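Labels run A, B, C and D following the written order; every chain starts at residue 1.
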Amino acid sequence: MLKYIIKRALWVIPTLLGVLIILFSLTYLMPGDPASAMLGPRATPELVAELNQRLHLDRAMPVRLGYYLLGVAKGDLGTSVWSGHKVSSLLAEALPHTALLALTSLGVAALIGILLGAFAAVRRDSPIGGGVTIASLLGVAVPDFVAALLLMLLFCVQIPILPALGAGAAGDPIDIAVHLILPATALGIGWVGYLARLTRESMLDVLDADYIRTARAFAIPRRAIAYRYALKNAVIPSITVIGLGVGKLLGGAVFVEIIFSRPGIGKLIVDAVYARDFPVVQGGILVATILFVLANLAADISYAFVDPRIQYD
Amino acid sequence: MKPDLKMGKILILMIAFLLLLSFSVSAVSKEELKIATWEDISTFDPGWLTSVERELTIMSCLFNGLVKYKEGSWDIVPDLAESWEVASDGQSVVFHLRKNVQFHKGFGEMTAEDVKFSYERIIDPAAKSPEKGTWKLLEKVEVIDKYTAKLIFKDKMANLFTSALPMNSGYIVSKKAVEKIGQEKFGKDPIGTGPYQLASWKPKTHVKLAAFDGYWGDKPKINKVTFLPIVEDSTSETALRTGEINIGRSAMINVKSFKKNSKFAVYSKPALKTYWLGMTVNKPPFDKLELRQAFRYAVNVDNIVEAAFYGTAKRANTVLPPGLPDYWSDAPVYKQDIEKAKNLMKKAGKSGGFKVNLFIPGNDAERIMAEVIKADAAKAGIDVVIEVKEIGAFNDAANKGETDAYIQFYTSTIDPYYIMQWFAGESWNPSQWRNADFTELIKKGASEIDPQKRNQIYVDAQKLTDKDCWAIWLTHGTKVWIAQNNLNIGAIYPNGRMTPWTMSFK
Amino acid sequence: MKTDTINQAEVGMSPAQLVLKRKWTDTLRVTLRAVVKVKGGLWGGIFISIMLICAIGAQWISPSDPNAQDIMHRFAGPSLDHFFGTDYLGRDIFSRIIYGCRIAVMVAFGAVTLSSIVGVFLGVVSGYNEGKKIDYFIIWLFDIVRSFPQIILALAIVAVLGPSLFNVVIALAFTAFPFYGRVARAQTLSVKEADYVKAAEAMGLKPLKIISRHITPNIMAPVIVCLGMDMATMIVWESGLSFLGLGVRPPTASWGIMLRNGYKYIQTSPWMILWPALAIALAMIAFSLFSEGLRVALDPKERER
Amino acid sequence: MSEPLLEVSNLTLDYNLGNRKMRALDRISFTLDKGQVLGVAGESGCGKSTLGLAILRLLPRVAEIRRGEVLFNGANLLKLSEEQMEQEIRGQKITMIFQVPQNALNPVFKIETQMTDILRVQDKYQNPGSRKRRKDFRQQAIERLELTGIADPQARVSNYPFEFSGGMKQRVMIGMALSSGTSLLLADEATTALDVTIEAQINRLITRLAAEYGTSILYVTHNLGVLSEMADRIMIMYAGRIFEMGETQNVFGSPRHPYSAALLESLPSRQSKGKRLLSIPGFVPPLDRLPSGCSFHPRCAFAEEMCRQKVPPLTEVADGHWSACLLDQKRGRQKWQWT
């Protein structure tokens, strides 16, 4: 098992190196002089010169790349041009909010989606089956930021019962939970339908498998067969999808955080983009990418936990 | 028991739990005041502040100056200085400081040393402070004794008491603190003498202030104030409706609906800024005075202001906002008069009409104004072509005079010099208007200390502007604050700036 | 069951040559008929054709000029002369939705074609040179671009290049090409073992010729299915970027910008947000149904059933 | 003769696939005594597997029992409630092993988990109050594996199914299916998927354990060779009907139905060395479009006009030897010689 994890982990390193190089080269795409673009209207000549010096913008490309990689290795992602805070501290503050949002939305959606899918498969002819197909279509149809807008319209504007702002007072779990309801629903809603349909289809296949018939032949209770024996097999396709989905989810988090003014990596990146605060943009994307790569790794590993056959190939 | 029933039960339980949570939404907890602002503050260092008006509400909580505007009006009253004497030649002022005033976070008592340090650090050429211009007439500060400081000037400084001392560059910082943590860090961790001190600052997320129990003046009634940077008006409106913020703002169009709603109280004040429809005077068509006057009669200012500000703002008749001492109260009010406009055009040989390029920035107010101007001007045969430009490009093009007409706004302070100085100079004078008498008047005004003489100088300057008709004044806009009705908002300055330390919950 | 008339001459030809031999219009007709047979495909097809018609003939179809402002009647509700009502500048929302199709279609087709061309080319090249250095380099490239969360990378690229329709297409294409690349590479790995490829190699054809003549046509089926699905995603991302103010420049009518304005005036007129949301949702459903139909039509296993 | 353990009478069953109605079992009647092995033979698609599933009521949704009774120790299994089937019959009195051992075990659970689950369920039904804990069931499972001849069961029990070969997996199934409480084992093509050497070992294991526990077996297979060694009595089925039934040596010795004879002739054996083996022409008819009369007549070399009109009833042509062939009944014992 360990060999398999290490193999997967080692492959991440060259990928991340490539990610850093692409992130670094983005600044070259910037039209005009990056420093004055970053400073914008406040660009007095002295400030531009000072920034050029601080970000080594005036040196040759390989030298700058070296500085950048060295900096990232040391954990120093530079300082925000706009607020003067260290990028790493800004990210450290924003990360927990995004992680919480991602985990709750994906977690709850996966739980409800998979259970709904299994439920629809067990009750094959019930209307639930049809409902699941429609839900999955809706899930695909309504992108997360449109769902966020409609949810806000419904629960904050028309019937103002849920908060539409921020992530709640730190340390007050109820308040944090209440501030999570709408954003997590917006992000997760697409997943419920999709995972439900995926689980329902694979569950229907699994229920026809021989080992299920064996279990019935030995009088294992019907519920244990469906929700333990069959579900563990049926959930395998969902796990890969969830691993890949984290990337899409992080993308969605950007919009949900903006719409609900929630602190987080997404909002940090977009605010930095508006303020042309490039070190923060680079740092934010790097962290989001690392989150995504780790999530994929986690999915691969959990895949092996669920399906033992994976460990050995 | 059927397996699927159990599943159904779990789902219903989960949904019920979520709903239960939502009803326990704690309305904004009593002792914390939440205020929505436009953008986040970029630095807390009074000497390095750039966009002034928006950040003064926060800065005035953290710092005091030697003098201040009395809360709710522009009268100058003592603050950290109990009294002062102005030298007969006006070249120096001696301030007697209040005793036993403590700085935040245990940085000790405020003394004349701090006053000297606070001003000299701004005029120090090496420090490159953006406020250098405000104090260019200050030569140095002398420490007479622990509680007495003498400011010495190169020349008489007219706006010392009106827009220097009581504004951000006049705030007193703790010398010990700045020397200990350095200017850059001080921008993130300010030490002043104000009623509140900085509790935490998360860029683009919130600024949390906590009441300073060692404050020399009367303690604020609310001990926690949080400023939330909210860019979109609609987000602030929604937060007001769900009770998440105490004070916020709304799009102009929705102000009426908040006024009607008993849960809210609406406070609106004319903003200290002026919108105008400017004409470039150094090239056709507006190099001819008659055509400028014709354009003035063609447009209907009342319509423009009503459309863009939905009735929340009044029209402006001159560059200075009303309420300022040197406001030209009997400035002429030009009503739309198509006939007069046509006659003037015939006199200038353009009876068949002419084309006008109108540049505007992308925000909604200017867009709406441009549309109304285009519709009215067409009645007089003037064909207005609107071009929307991104804010940076708009300012460049307007300042270089690349357009025939433009819609621009400048913010001002209670000191007329602050806004009128630009029209005498080269930069930020979009109409390219050069008038020697006007420039002479502005220079004299800058060093005239006697208030009556100073007011007359600025009124004459406004008359000159009206005579040359290079600008059609539109409005001073309005600053609207909407507060939950469980809050008495205390004193609000004439331009809408708030004073959190005077606020309390009912 | 009507069986396809397969004459003896066509036996033994590679599927792609079969396709190329028949006029491509026949293939299109056969595929479309198959797609339409699939339950969802029909509806998907209908809505997509409506979108295409709106995109091409917007100026004739839309009742009024999308940028014509009528300040006095702004925020008007749906009425006879403004089916969907008017926005904050008094512009007719119905016409803007129709013109919005144009942006959506341009971005969807533009980004998808660009990313598939680049992706398929790289995929086939790397698949064909399996195990060589270039294969590892291309796989490395795919993995790097794939490990970025797509919309976040697109957002950064547009921010750097400056928001415009062209830059949006470039950014979206850049983030999407690895998906086509991987599909193409996987297909190439299996197709390059086929006898008609071995035969071509035996005849001494240059690798580039083999790739273009023999391999690429045979791997297009799964790629085409990806195209359908991806168009829906591209439309969402364009509107997402426009929503953030990083997409198309106003005053062009794009669904994303209309969503942004809807959000800005959510208190004043809630329905302003509904129409673009509805348009995006319908486009998404249409494309996913259509590509589902496409998948079933092009998947030989499914067709027998 | 002792009172039969299992008595199936006039069992008729249809599969409703969309608009097609397939008669999978047509008036099947037979008896099975305690400790006896009844072989059920016939080409694939003749309904022999459906028989096992019908007895244990594990039929798919689309199956519908039209008529008939299945008496087990006097109780009609078709009338029992689902709870009764689970609590008393399935996995306890009647057990079943299936053809493809590869996926007979759940791939994502350890052997130990699957075995202990089954043992716990059985224990719960047999002695409700028992306080046995997981450790006891694990020990019981290891003993079962030992009985089936799996080496080092202590370690192997915590392996996953994919770590076992086909034969080993079938041994696990047999370990579960055959225990002291089992009265009837339904073996559905139990060794067909295994190679010949393993097949012999598995079949010997089944016979040994069945004898030890006095379990009767319904051994379904298309391989007559296996039945010749294992089965006491043989039943030959064709297109859902019984064509011949009797003592193994009688049926092998003197088949009373042309189809049985044909099956025997297509069987490689010492006698047929050097001769060409028979392959019966034509195909097994689809169950929803059966030929009239005797459903074998289109392929039967000896068919006559009456075979086409009348459906031959299953009649006793000798002591304990039944056959359903009009010609045989008319002409008495015949030597149905195909080649």
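Convention: a residue touches a chain if its C-beta (ideal position, glycine included) is under 8 Å from a C-beta of that chain, and two chains touch if they have at least 3 such contacts.
Keep in mind that what you see is a predicted model, and the values were worked out from it rather than measured.
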Tell me which chains count as touching both chain C and chain D. A
Identify the chain whose mean C-alpha position lies nearest to the mean of all protein C-alpha atoms shown. A
Among the chains, which is located farthest from chain B on the basis of C-alpha centroids? D
Which of A-D and A-C has more C-beta contact pairs: A-C
Which whole number of Å gives the spacing of the CA centres of chain A and chain C? 24
I'd like to verify one number: the distance from the centre of chain A to the centre of chain D, where each centre is the average of its C-alpha atoms, in whole angstrom. 54
Would you kindly tell me how far, in whole Å, the mean C-alpha position of chain B lies from that of chain A? 40
If you average the CA atoms of chain B and of chain D, how far apart do the two points sit, in angstrom? 93
Using the touch rule from the top of the page, what residues of chain C touch 2 or more other chains? 263, 266-267
Touching two or more other chains - residues of chain A: 152, 157
Please list all residues of chain D that touch 2 or more other chains. none
Every touching pair of chains is listed here as A-B, A-C, A-D, B-C
Chain A residues touching chain D in their complex are 209-211, 213-221, 224, 229, 232-233, 306-309
Where on chain B does chain C make contact in their complex? 232-234, 237-238, 241, 250-251, 253-254, 257, 307, 362, 364, 367-368, 371-372, 388
Quick one: which bits of chain A touch chain C in the complex? Just the residue numbers, please. 11, 14-16, 18-19, 21-22, 26-27, 29-31, 137, 140-143, 145-146, 149-150, 152-153, 157-158, 246-248, 250-252, 254-255, 258-259, 266, 269-270, 273-274, 276, 281, 284-285, 288-289, 292-293, 296
Mind listing the chain C positions that touch chain B in their complex? 69, 71, 75, 88-89, 250-251, 263-268
Taking the touch rule as given, give the residues of chain D at its contact with chain A in the complex, in rising order. 56, 58, 85-87, 90-92, 95-96, 98, 100, 103-109, 114, 117-118, 121-122, 125, 160, 162, 173, 176
